[in-house]
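Per-chain numbering from 1; labels A, B, C and D assigned in written order.
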Amino acid sequence: MQDLHTLMEWVKQFSQEREWDQFHNPKDLSIGMVTEAAELLDIFRFKTSEDMQLLMVNEKGREHIGEELADVMYFLLRFADMYKFDLADELKQKLQKNALKYPVDTSKGSNKKYTEG
Amino acid sequence: MQDLHTLMEWVKQFSQEREWDQFHNPKDLSIGMVTEAAELLDIFRFKTSEDMQLLMVNEKGREHIGEELADVMYFLLRFADMYKFDLADELKQKLQKNALKYPVDTSKGSNKKYTEG
Amino acid sequence: MQDLHTLMEWVKQFSQEREWDQFHNPKDLSIGMVTEAAELLDIFRFKTSEDMQLLMVNEKGREHIGEELADVMYFLLRFADMYKFDLADELKQKLQKNALKYPVDTSKGSNKKYTEG
Amino acid sequence: MQDLHTLMEWVKQFSQEREWDQFHNPKDLSIGMVTEAAELLDIFRFKTSEDMQLLMVNEKGREHIGEELADVMYFLLRFADMYKFDLADELKQKLQKNALKYPVDTSKGSNKKYTEG
């Protein structure tokens, strides 16, 4: 699988060929992430567990889902590239921070947020 | 920079140590993406271009933004891993599809959606 | 219960006393709606039906939910007031439109979107 | 303009005729609010102030915006009705709470969040 840097370069080339850097301010790129993630979520609105299982083995369903995942990633990579965030490093640091909020022994099998009792 | 597979493995290990696979259905993982992307967007709510420029060179601001980017990526990677989507391949395909919707010559410097006139 | 106009006036007064009209452009008010709706959704992230039933009879839970509903409504009313949309009229028209997309006989008890088979 | 109760009854009747109460759990209704608010926001993605001003006096643009506002309101009213929240009361309480977070003298003309310095 390609590394993050390669993917970021694809997205950069696509955007720069179209001279879109001028539109890629932090607010609009974040809007991009939210609206595309909401399109993904919309696929599952009102759906039951069984509906979702069927969707996950349905070719057209998977194609739709795959496109929305790609759209979220496009904006995530573009944001990181434009404003110089190292996504691998940010993820590593966040997992370390979350490991303190969610210690294995108390979080195991629990869906509680760390702010909940 | 690490490849996507390595990052996906970090996220998988973090989740599986806590026995969270049971909560990671498509609907809730998509909710994760949307809510974290919305937390990122919230940072820029009502902010002007100048506000955002200052934020981008502010250490605390960058730390906050980096964490939200990591949170979006966590759910994106988890979704891809749980339901077997190849993110690099999905991105490549989506860029090819978007290249047809947004031909370079007509899209250059334009913020119009392909559905707009 | 108060009419919509009264509620809109409360929100207007609150905003104008603080001279916030200048920030209330369509993009940022829509960001307001999305981010507040995402905060509401976040309450139910990873929650089971049973978790949600308990939350709905829990005083602190209801208070939290009520606040997020109010926040969504604040931005909805502000948008309608600033840009002169008659929410009652818009709702009436949309229900008429949706009645055609979702005829009672074929939609009864179904969670399918009108775009689905 | 109609009162909130009348609007809530329209939405209730529309939903109950289709036997949709069974799908209207808190999580999916919140998903409804987020996804519809994101569709509204999507209209303004990458748009400049000038673009938005033009959109606001464009008949087709206003129709699109009005529909998305109606969709957000549909889910807001449905949630309040299903789970017995008094929206007027919640709004009044929230404005009182926000008045303490954002005192007029320090908030006037400021786009800073109360958590910001």
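Throughout what follows, a residue touches a chain if its C-beta (ideal position, glycine included) is under 8 Å from a C-beta of that chain, and two chains touch if they have at least 3 such contacts.
Labels paired with UniProt names: A, B, C, D = Nucleotide pyrophosphohydrolase.
Remember, it's a predicted structure, so these values are computed and weren't measured experimentally.
> Since chain B and chain C are copies that touch, just let me know if over half of their interface numbering is common to both, same, or not, different.
Answer same: the two copies use largely identical residue numbers here.
> Between A-D, B-C or A-B, which repeats the contact pattern of C-D in over half of its pairs?
A-B
> Compute the distance, rounded to whole Å, between the mean C-alpha positions of chain A and chain B.
That gives a centre separation of 3 Å.
> Could you state the distance in Å from the CA-based centre of chain B to that of chain D?
One centre to the other, that is 25 Å.
> Of all the residues in chain D, which ones touch at least 2 other chains?
Chain D, residues with two or more chain partners: 23, 27, 31, 34, 38, 41, 44, 46-47, 111.
> Of all residues in chain C, which touch chain B in the complex?
Its residues touching chain B are 23, 28, 31-32, 34-35, 38-39, 41-42, 44-46.
> Provide the residue numbers of chain D that touch chain C in the complex, in ascending order.
Per the touch definition, chain D meets chain C at residues 1-7, 10-11, 14, 17-20, 22-23, 25-27, 30-31, 33-34, 37-38, 40-41, 43-44, 47, 49, 52, 55-56, 62, 65-67, 69-74, 76-77, 79-80, 83, 85-88, 90-95, 97-99, 102, 104, 107-111.
> Quick one: in the complex, what on chain C touches chain A?
Going by the criterion above, the answer is residues 27, 31, 34, 38, 46-48, 51, 111.
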